[in-house]
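Reviewing the structure listed below.
For reference, chains read A, B, C, D, E and F in written order, and residue numbers begin at 1 within each chain.
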Amino acid sequence: MRNHRMLFGLTGVLLLLAVFALIPGLGSAQETVPPSTAGAAGAPSEAPQAPPPPPKVDTGDTAWVLTSSALVLAMTAPGLVLFYGGMVRRKNALGTMMHSFIILCLISVQWVLYGYSMAFGPDKGHIVGGLEWVGLHGVGLDPNTDYGATVPHQAFMIFQLMFAVITPALIVGAFAERIKFSAFLVFTLLWATFIYDPLAHWVWGVGGWLRNLGALDFAGGTVVHISSGVSGLACALYLGKRLGYGREVMAPHNIPLTLTGASLLWFGWFGFNAGSAVASGALATSAFVVTNTATAAAALAWMFAEWGYRGKPTVLGAASGAVAGLVAITPASGFVGPMSSIIIGIGAGVFCYFAAVVLKGKLGYDDSLDAFGVHGIGGTWGAIATGLFASKAINPGGNDGLFFGNPAQMIPQLVAVAASWILALVGTFIILKVVDIIMGLRVTEDEERVGLDLSQHNENGYVL
Amino acid sequence: MRNHRMLFGLTGVLLLLAVFALIPGLGSAQETVPPSTAGAAGAPSEAPQAPPPPPKVDTGDTAWVLTSSALVLAMTAPGLVLFYGGMVRRKNALGTMMHSFIILCLISVQWVLYGYSMAFGPDKGHIVGGLEWVGLHGVGLDPNTDYGATVPHQAFMIFQLMFAVITPALIVGAFAERIKFSAFLVFTLLWATFIYDPLAHWVWGVGGWLRNLGALDFAGGTVVHISSGVSGLACALYLGKRLGYGREVMAPHNIPLTLTGASLLWFGWFGFNAGSAVASGALATSAFVVTNTATAAAALAWMFAEWGYRGKPTVLGAASGAVAGLVAITPASGFVGPMSSIIIGIGAGVFCYFAAVVLKGKLGYDDSLDAFGVHGIGGTWGAIATGLFASKAINPGGNDGLFFGNPAQMIPQLVAVAASWILALVGTFIILKVVDIIMGLRVTEDEERVGLDLSQHNENGYVL
Amino acid sequence: MRNHRMLFGLTGVLLLLAVFALIPGLGSAQETVPPSTAGAAGAPSEAPQAPPPPPKVDTGDTAWVLTSSALVLAMTAPGLVLFYGGMVRRKNALGTMMHSFIILCLISVQWVLYGYSMAFGPDKGHIVGGLEWVGLHGVGLDPNTDYGATVPHQAFMIFQLMFAVITPALIVGAFAERIKFSAFLVFTLLWATFIYDPLAHWVWGVGGWLRNLGALDFAGGTVVHISSGVSGLACALYLGKRLGYGREVMAPHNIPLTLTGASLLWFGWFGFNAGSAVASGALATSAFVVTNTATAAAALAWMFAEWGYRGKPTVLGAASGAVAGLVAITPASGFVGPMSSIIIGIGAGVFCYFAAVVLKGKLGYDDSLDAFGVHGIGGTWGAIATGLFASKAINPGGNDGLFFGNPAQMIPQLVAVAASWILALVGTFIILKVVDIIMGLRVTEDEERVGLDLSQHNENGYVL
Amino acid sequence: MKKIEAIIKPFKLDEVKEALSEIGIQGMTVSEVKGFGRQKGHKETYRGAEYAIEFVPKIKIEVVVSNALADRAIQAIVSKAKTGTIGDGKIFVTDLSQAVRIRTGESGDSAL
Amino acid sequence: MKKIEAIIKPFKLDEVKEALSEIGIQGMTVSEVKGFGRQKGHKETYRGAEYAIEFVPKIKIEVVVSNALADRAIQAIVSKAKTGTIGDGKIFVTDLSQAVRIRTGESGDSAL
Amino acid sequence: MKKIEAIIKPFKLDEVKEALSEIGIQGMTVSEVKGFGRQKGHKETYRGAEYAIEFVPKIKIEVVVSNALADRAIQAIVSKAKTGTIGDGKIFVTDLSQAVRIRTGESGDSAL
């Protein structure tokens, strides 16, 4: 037992240290990459004939991307920390908050060490990025024209890091209140490596097959929300229900924290969506506006749906609706106008409400905090809605959608949705199985009853 | 009863959907407005002789305006959510938090649909904007030179949206702990439409009569604070006291949340005031500096006033003083220097302290969380102080005030104050009366006793 | 007794008002300083031969510096307010939160009145800035080329203000739960004036002796963290232990608040470190990236150290580790690359863990919330690590460190560390002694038992 | 001596306390409890999960009085705590064999 | 009448409540308490300070019943609250001299 | 058997608990209560509204002991909980008619 713990302590520290050996030259990340080289290495097919004008860092664009990175960090911590943390029972408050917080720490290191390279590094067979950028080797302070022509390459890297962080943190809602902390850590690392990093490459990496197919996903409907939500479904199914589910009262222990978390998610999501323009200006502004509008509409829609269906508008409902709206507008945010965003938002509120309230009840799985109901369903709706409402009038770099005269756009959208679902569902099941065999995924009954805070962390959240 | 609820559910969804029919062309907001057209339509009197150089979006200015918009959002949620939410009794925590949160949702949609057009659209008789910009028709991604020559028009729009959101949310403090949720929703929508939108046009809209008169209000002393504070007074008077007011202990249930809220208000207010420069640079910096200085001085002043007067400095007092300072510096923030801001801050702390503590006690109305004491009094003092301390040395686009050799500036200031008071007081009374007749404003005694959380939302804030 | 209180009320208000008399011309801050003058007055030795091109404000740089200033404000309030506030016992929650909050107010005024002038004003004997800039006289809206060639001088001033605020607020952790509020106020004012302001001048002010010596401290390892942490040690030693220390359970009353605070510290620290570039672009990006990386590594390191050493990973441990990482990377953040930052972070997590857990236990002082363990030790490690890992490849304006071929850099680093330790230790003891003699530093036993909230502020934090 | 325990509606506490003071009772001990009885609780809904909360918040007052005062105390409580609606609560009386004031060591009626 | 106080494990409350309802008991009063006994508590660690928390969360049920029902009530509680592991709790019974229903003024068994 | 209820100052709990353990008492039940008595409460001020809070936080210890141990238990509590200042609290003793250990079904003194 004590050995077991020791093992973890050691493994962790060793892992971190060991990686240094693998990295081609400590501190070499600082060597700025000449843009032409970057272009040549990263995306030969798009290399221009004549030497391009050397990309120059724009202070305004960089300010916006850095600000956006900070905002997206705030989505995970304290955003998700509070949103999810407030929704569990008191005895699991710290354990659940810790999930989001430690993912931020774990993936921040993983991404710098090899995650970014696997996702955005030089393409290998349209499936994954190569390890050339391991340890940020060659990821310097000059712009990489493929990913952001006017900001330092590292600015794009850190912005993307925040996405890599929040995605596994969203899954947390599905297995809340019953997962073993050590198993959770291993699961997260494997999931980030084998599901998130490749999927991000498929959709956003130069050479990724879904990107090549023309699938539109501005800020991560497939990569972030379908992947996390559907993986959440897999987790809920695999782990089974919480003790007492359906019999005991499992009311949230602190809705003010949850509402605060939802508000911070909204706040930070401006960075998520508008920052995905990787520049300040018109496109960022448009994404900002539709993000706000869809979110508001979705919160109202969930609230009114609930009011009509169950008789009372709830605060948790309004907060959940807002998050559903944020999810659904994400893939569309760089391609649609404000009026479209209202419809997307209303759809998100209504669909996710019925998913979380009716569907879950019918199908009987215990998705503790509705990771699937909100992110899986909301992300799927958003990816499809992008195919419906996208318009070149908003973003000439995008495409028109079905309602703007281009039904063909639905094909890559649906392919992207299907591919993400399959990867998430199958991949997550395999990872869960492996981790379960090695170390066991779920806490014991006694530990579950006493709560994660005491059983996993020897701590008590409140002395009030 | 059940029908009643259904009605609300349906009306809400229908309202949202119905509006689409009225909008000239779904998605048309994306059509960028050529600047010359915008100039011609919006402000013919200011149209230049020669064609102006086409306005260009500046990345730094846009980054700042978007950042500021996000900051102002954070003022409402989670800022006001926590500030007000922590101050009520536990049984009303969620209900009160919901007020601010759902206003964010409601007005976000209202503003995009027609609010922005009524406030900033083409002037009609100096009183209100026309409906030409309904559904953001013609509000595109090129700059509108009237409102921000270097940022997309939609960036200005979304920044202003956040103001339209927070203003009714400030009123919430006056009727906390006793309003019916459905009536509150209707009241808010009417108030935004018939009071906020026109008043914003008067003061900030091209062609608005107070703007033409030369009233200085940089970031909303009249439009935001007098209007909300005085309307709060009307609400407190109309609704009457809470059950047990003056007899029962009505201590705040969670001052840490309130202090957190006050801190977030401070944080977000940098966007509110410095963002009102609608550009990054000297003016934004100056507004930022005086905002911080006045706030700090006001918090100290309130604390010392209380310490001297009542014997102990309180935490709630310091937080309240900070908010009072933020309120008072708001109209002045683009026109005054740091030393003036200290005086404005001290005045705010002292005046609002006496308003909330002495005046309220004397006059006997129950302004639950001092919406009037802080915003009404603070806003009035700020608007007057702007006339006293404004200086062209700070902002050549402004004017000098009384202490800088221009006593005439006091006239438009006092007219603006009076006009805002009258509109807010009379308008709010009428709206309250109408809503009261239609559906009743106040919860029943039993509901009030059990609290808004359970009676309005079937929810319980905490299980600790 | 009553007189005593009155005295404070009056003194406070009078102090604020009195200062106006001393200031050369109310509102004169608005007079913009021609850059050549600033150069001549501030740093004659660096004055160029030919007149420099007039510095121009860059919108992107200014947007980033203003955003950073807001972020650093959020570190103090609500960041530290929550981080420290959650860690004390319930009865001291408000009192502890008030410490951070009121420091924000107090120093915001002090800095504008004379603090900035003492720290950054024209050098006097390499020891302190002169009073020429009292009341921001001559600190205008044009850039000061010494401190930020592309942002308004006031933008640099307000950014630095946030540093002057948070530094004394960090000390709070050392004397938490037992200091008298009035004495605390006086202590803070004296400490800011006689320790922070000169030390900031030594390290960052043009002409400061440590700056001249070539000590590297990008964002405040010595000025902010060693100074506050070591002063905290002095406070803990001088004040003695809390009643019941070692016998009674002194568990944190609200770890969710503490974790939220830690998250907000992380969020705001991007402004702290990346903002210290006083510009947007490559250097800011690099600082941003290493800040995130070191923090994450440190949180993991603390957690794994604890897991191995004590058997369980704790949530408070992960949060503490993150803060330790933020502290340690601070001085290095503008000079080192991502791989180095991982090592700095791991060192921070491990060293601070042992300082807070083992060292403190051994030596037996009661540093209530580990101000010394985290900031003193973390800051010292960071200042040394800067000398080890600095690289001109990252920042050509910096220097190479020991591991990059320049062992000589260790000398100024060690001198700076020693100087900061001595100033903080000796200076703080003297100030504590003086304040103790004048008014007594510690609350009575009864007051300590009943808690600061009731005894100092007549308030109760929660009614749950 | 008698120990009187009264379970009452929370918002009645102040009135009851005053009534007891008026008849000369100098001390009492109060705690927050949850009651289950004829008064029905309320419904709560969270993301569609509906819970019937059967326990209702109540205040328990414990007051020890001399035998002489017991009936007047019970009367005082009944008269003030009564609203006439279900859930007004109960009064339970037990005999006490001893009472001690810790500060002085006094016992019996003079300990109260 | 008898007053039965039962100290039980918190997660057993619902079962016990139902068992009591089934035998016809219509009311009870519940409070959160902390127990000290043979069952050992847990350890908490905060920044290296380790605390042994000896008090364990328990639920106290107070139910007043007619003498006739007392034994069945005790049986019901024992059978439902028992897990067989240390810390299952205790039942304490005292005689009650009087009971009053505040709403109606009824007293004795009919007050319950 | 006797049931001893002691209302004490919260910071005295640990000492009292240890004293009781020392005389061989193996279990007790503790709850947070609010006391009203000679000890005056405190004042709170929120935005100028001043409230006199008359209730003082107290800890209630309930411990059931065999008749033999009762006096020593009372002595132990008095000696440890006493500070000599107003508000030290009270001890109330009632006779218990029955005690049951839920885990085993034991009753009487052996249930304790």
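In this section, contacts are C-beta pairs under 8 Å (C-beta built on N, C-alpha and C of every residue); 3 or more make two chains touch, one makes a residue touch a chain.
Treat the numbers as computed from the prediction; the structure is a model and nothing was measured.
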Output for shared partners of chain A and chain C reads B, E
In contact with chain D and chain F alike are the chains B, E
More contacting C-beta pairs: B-F or C-F? The answer is B-F
Here the gap between chain C and chain D, centre to centre from mean Cα coordinates and rounded to Å, is 53
Distance in whole angstrom between the CA centres of chain B and chain D is 47
Per the C-alpha means, the centres of chain D and chain E lie apart by a whole-Å value of 18
Within chain F, the set of residues that touch 2 or more other chains is 31, 44-46, 53, 94-95
Touching two or more other chains in chain B are residues 58-61, 63-64, 67, 251-252, 254, 280, 312, 314, 316, 458-460, 462, 464
Among line, ring, star, complete and other, the chain touch graph is other
Each pair of chains that touches is included here, namely A-B, A-C, A-D, A-E, B-C, B-D, B-F, C-E, C-F, D-E, D-F, E-F
Chain D contacts chain F in the complex at 3, 17, 26-31, 62, 64, 94-103, 105, 111-112
Note: in the complex, chain C contacts chain A through residues 58-61, 63-64, 67, 71, 89-90, 150, 251-256, 259-260, 262-264, 266-267, 270-271, 274, 279-286, 288-289, 292-293, 295-297, 299-301, 303-309, 311-316, 318-319, 322, 336-340, 342-343, 346, 389, 391, 393-394, 404, 462, 464
As the complex stands, chain C meets chain E at residues 249-252, 310, 312, 314, 316-317, 320, 356-358, 360-361, 370
Per the touch rule above, chain D residues touching chain E in the complex are 2, 6-8, 31-38, 54-55, 58, 60, 74, 77-78, 81-95
Counting only contacts in the complex, chain E reaches chain A at residues 11, 14, 42-46, 53
